[in-house]
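By written order: A, B, C and D. Residues from 1 in each chain.
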Amino acid sequence: MSHNIFGHMFKFMTWGESHGPAIGCVVDGCPPNIPINAEDLQVFLDLRKPGKNRFETQRRELDLVKIMSGVFENDEGVQVSTGTPISLIIENTDQRSKDYGEIKNQFRPGHADFTYQAKYGIRDYRGGGRSSARETAMRVAAGGIARQIIKDIKITGALVQMGGLKINYDNWDDDQISQNPFFCPDAEMVPKFEAYLDKIRKAGSSVGAILEIRASNVPAGLGAPIYAKLDQDLASAMMSINAVKSVEIGAGEAAAALTGEENADQIRLDNNGEPVFLSNNAGGILGGISNGQDIIVRFAVKPTSSILTKRQSIDKFGKEVDIMTKGRHDPCVGIRAVPVGEAMMAVVLADHYLLNRAQIG
Amino acid sequence: MSHNIFGHMFKFMTWGESHGPAIGCVVDGCPPNIPINAEDLQVFLDLRKPGKNRFETQRRELDLVKIMSGVFENDEGVQVSTGTPISLIIENTDQRSKDYGEIKNQFRPGHADFTYQAKYGIRDYRGGGRSSARETAMRVAAGGIARQIIKDIKITGALVQMGGLKINYDNWDDDQISQNPFFCPDAEMVPKFEAYLDKIRKAGSSVGAILEIRASNVPAGLGAPIYAKLDQDLASAMMSINAVKSVEIGAGEAAAALTGEENADQIRLDNNGEPVFLSNNAGGILGGISNGQDIIVRFAVKPTSSILTKRQSIDKFGKEVDIMTKGRHDPCVGIRAVPVGEAMMAVVLADHYLLNRAQIG
Amino acid sequence: MSHNIFGHMFKFMTWGESHGPAIGCVVDGCPPNIPINAEDLQVFLDLRKPGKNRFETQRRELDLVKIMSGVFENDEGVQVSTGTPISLIIENTDQRSKDYGEIKNQFRPGHADFTYQAKYGIRDYRGGGRSSARETAMRVAAGGIARQIIKDIKITGALVQMGGLKINYDNWDDDQISQNPFFCPDAEMVPKFEAYLDKIRKAGSSVGAILEIRASNVPAGLGAPIYAKLDQDLASAMMSINAVKSVEIGAGEAAAALTGEENADQIRLDNNGEPVFLSNNAGGILGGISNGQDIIVRFAVKPTSSILTKRQSIDKFGKEVDIMTKGRHDPCVGIRAVPVGEAMMAVVLADHYLLNRAQIG
Amino acid sequence: MSHNIFGHMFKFMTWGESHGPAIGCVVDGCPPNIPINAEDLQVFLDLRKPGKNRFETQRRELDLVKIMSGVFENDEGVQVSTGTPISLIIENTDQRSKDYGEIKNQFRPGHADFTYQAKYGIRDYRGGGRSSARETAMRVAAGGIARQIIKDIKITGALVQMGGLKINYDNWDDDQISQNPFFCPDAEMVPKFEAYLDKIRKAGSSVGAILEIRASNVPAGLGAPIYAKLDQDLASAMMSINAVKSVEIGAGEAAAALTGEENADQIRLDNNGEPVFLSNNAGGILGGISNGQDIIVRFAVKPTSSILTKRQSIDKFGKEVDIMTKGRHDPCVGIRAVPVGEAMMAVVLADHYLLNRAQIG
């Protein structure tokens, strides 16, 4: 990982600002002969795209991804990776031309305006510039490529808490996730989320959320201790997503209150003589290495700080000001983080799949 | 970060197994002319050293650190860094010579035995080998060097929850932390922790914990978005510590239940015209960059899986076995993780201090 | 350095194939507030651009660079870097639509056709795809940004040998370099190069060259031993340029025939009490660190393998074939490598300037 | 590559000063289950060890390497790598206790004294400290491990020029190399080298050399363009060796004087239908990727600057001084660089073998 580059072997670098001409990413280290085309990537981008329903910002971005390099037609006429860098670009289409006069010099509370100015002495203030969550579109695109490398692994993301409302895990049904605007796996929770978020939205407010990303059919052996542990890199990946404030693996924070007897997952053999863990407090990772169980990651997303209520802040001239964000925003930005979390799970697993192949063969 | 190397600019690589001849680390990229000597590093190592009281494993390790390179006497007769790699070694002294016959081929539940074997096809089974928390001694040593680079920053670690018992944050007193065997900042909690852990210990059981690490006097501007965010690297650093299952920044997981109005920290000016944040839900980091407030990180440590109760598992020949860990262990391994968490905070901040100096000057 | 990424702190990643829609690069880690605009970068690109005279390939590429991110107008109305990734794109405009039927499956001798196929099992055969020297345009663009970071350093590249014809170093005149189509600093040599290359060109042949890149006004102290030595990174940088077969620093290969008395540059003080080296066999670098003298790097460029003579080779079906490259090519591809060598000198020095600032301050 | 770390996947970090208690290296990323023991590594170290004959420095170092971690006995009783870091240490035994009074503050011409002081403001002046070629012993050790990973590849280093005396390539005989103190493959040249070097040695002078390192049986496909080309990494590796001033691949500098017809290696099929190159000007590398031919690298080593003749220099107080190195030195330090060059070839090839396995499988 470095400034704008993620990954050890499967690396991607993203670039672009919210209101610049385009955003993009370049994927490096992708194995050759992997089928890749824009249509397949678009499926994932469409899940993250804003404006799909009333619970999302009404910014209208088509988010159409173009492949600029690294993909070529093979002898069978299939578009495949060539092993060279895959450059992806999405043009920004809905940057409303408006007067940024005020926001230009003010630091919106809870946003990165203050810190970018403090660090760089300059910032592209339009729509948050580089710090905008718009950057996550490119993670989703990179994740789409990563998924092609680890096709046997199933990745499932869901929203498990919105504000104070939590799903009932007993009701978890993967098939429900795509049936509602919240990526919610608990059908009973959907109308409650709907009512709750409508209230938040109408009040011009916003609310946080907790997401859970699962990966199943992960082979044992992925992860490179001590400083490229699989859980470490997942924590790094998820915490790098805009607005994320916590990351948990398996039992997570709850492990603090468990005893050793309760916590350690016991092992038996199934009828085929394969190891079966009797529980999954470990979240599929022991000593930084996958154990073959489902990888379970949860993370909390804070409420977006763009709200229609006046807030106290300062401007870059050192004057106190009151700021009220105008215009469009996500009442629960955590919802659209679900495909982003899935994408980051995919890139970490693809990366470790290649890293493991390097060392182990 | 890579296999066994941590850091961007201030890098360290650790090596060594629990029961090998020694463990060590090599620190690379340290600025020259920083006063460094073994005695100062030893202070931190002594805090992590096992066997200081009845609440810790009775393994007796002196953990005496030796500096093998990279430090030289300057013209004033002070031992300082020369800008070349600083090699640190600790000899292992209390590796009890015993029969590993059983453990050699068995996978202790909750330990990395299974996954190391699955990944590498071989493992040093003695005391957990490379996966032993003994490795963290070298993090503490590296952290001691890092602290010398960022001397103005104060780092304070504490245990804030043991099993189900939580401290009262209103009682937080930095001065209390060194006054009890638990690094507990709440004096009222100490006797309760004591009684609780005695019970756990006598039962041959273990329990988890939550730790909080704070850094104050951190300048605004540290952190390198998008993929070397300060909170991302802290999450990576803490999750890489043995047995850690969650990492939170500022309000952390609780941010999920906050509204936008509650969450975003408002800003005013103090009497000197300096920005003052009215709250610290952000944990001192916005957009991956420090904002000048205290950095607040919390993480959960699972209970050690070495307990005196029989547990179900398998061996490497694919046979079901029952395992009971014999011998010494920490009833709450989270306690000794406090100096480790502090060290990781120090290395991340020193690393980002240098990284920021590279780009910004 | 990794697959397609160059640099430690000032990193750039290039992407794109010779006949794809575009080529590009993304520069990461650039300090903020550095004046950067497309016009200034274009100056360097125009020096490398093909088709400027009869001694270069007649492929007509405008090589117009566009800045897609990372640059923003500051309060004074100047376009400056913001510290975020700078994405640069050049559209490919002169990819002649032609039948690649033969070349598609054949391995041109001396080209990377064979090895790309052997490694990746697939390749974009159009114009050499990723292995085309067209990629070097993006190095020149990145170099233009690097120069802005190290503005006090003067970088001068020149062609010092073409085929068997060598310049007379006593005639070296910086001002001559831009006065002829060969970047030749020796005016007397120009007509000889001209006559020689006309002969080569008319014969449909090609010839190699030796280039020398000098950097003056380099501060002492750049370079990070042991494995990021300044000369090491310069060797890496130059050898990564297409067709380069050797790299020398200072006296270079000739140092083998020197005695210790002849080789080691003695030091005296000038009238200001500043160190003066009495010779520069070291090429400005001792122990991997700059000593304040001019950095001197030379490298040999092999003749392009695209010639109008039939050559023996095989195709990807394992059949022997005879190949004759049709169409446009550079009779001495070394000439257009001069701005590329200058660019690589600039990126290495800017990178080490930042790296040194990180460690030393 | 970074400060003191070499490699992409097979990484090693070296540490230690010439006159400190020890030198060492830590190898990271080594595949598991590779047979490794100190005796096998010692064979290579003994080739580099000083004092074997009158043509080498009479410093008496046993250079006994100890393995501190990462190796464990497998079920068959063989010492093998476990996939964790392999720490190697060599104690310094012959640091003569002497008065460094003069050298302490003086900059020996041609040495790194001046630049280390300029960069770091402090240096371990004893025996050159970190800049001593003593560091290369650890490269040889790391190379010994690398060789175990690429056992099918044969690496052969030789000295092909000493001062102005060049071998006759027609006389090249691999078996001769170990039969003389010069690693010389041309038996006829040995007495001439002997006479020449005796003269140099008795005069208290020194002389440079050119070395050639060959690797045969290298599979096609190693190398990761554009910025981890195999020739680029070899140039980086060789130029990082102390005193090296040039690196050539295949025809090298001579390629400048070739025409396209002469230079590009034509390809035919052998009786088994395998590709055969009719020449090897490419030195086994095309487009940064190995083509299956022998890899050929040559590099020049300057004469050591430690000579018994008075030389002009300055001290760190800015005063002009005359310096004459006392004591032991290598009259042709290039000789002992042969095993170092072989080691660097081995680490680069092992590194690229793993890197290629990551991407290609």
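Note that in this section a contact is a pair of C-beta atoms (placed from the backbone, for glycine too) under 8 Å apart; a residue touches a chain by one contact, two chains touch by 3 or more.
All of these numbers come straight from a predicted model, not from anything done at the bench.
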Worksheet item: By the touch rule set out at the top, what is the minimum number of steps from subunit B to subunit D?
Response: 1
Worksheet item: If every chain is reduced to the average of its C-alpha atoms, which one ends up farthest from subunit D?
Response: A
Fill in: Winner on C-beta contact pairs when C-D is weighed against A-D
C-D
Discussion item. Using Cα averages as centroids, what's the distance between subunit A and subunit C in whole Å?
Written reply: 39
Worksheet, complete the sentence: subunit C to subunit D, mean C-alpha position gap in Å, rounds to 27
Fill in: Geometric centre distance via CA averages, subunit D-subunit A, whole Å
46
Worksheet entry | Sites on subunit A at which at least two other chains make contact | 2-5, 14, 29, 32, 83-84, 119-120, 130, 225, 359-360
Discussion item. Which stretch or stretches of subunit A touch subunit D in the complex?
Written reply: 9, 29-32, 83-84, 225, 354-355, 357-361
Worksheet entry | Interfacial residue positions of subunit B with respect to subunit D in the complex | 2-5, 11, 13-17, 20-24, 26, 28-29, 32-33, 68-70, 72, 74, 80, 82-87, 119-124, 129-130
Item to complete: Mind listing the subunit B positions that touch subunit A in their complex?
Response: 1-6, 8, 14, 107-112, 114-116, 118-120, 130-131, 135, 161-164, 200, 205-210, 220-229, 231-236, 238-240, 242, 245-269, 273, 275, 278, 281-283, 285-292, 300-307, 309, 311-314, 318, 320, 334, 356, 359-360
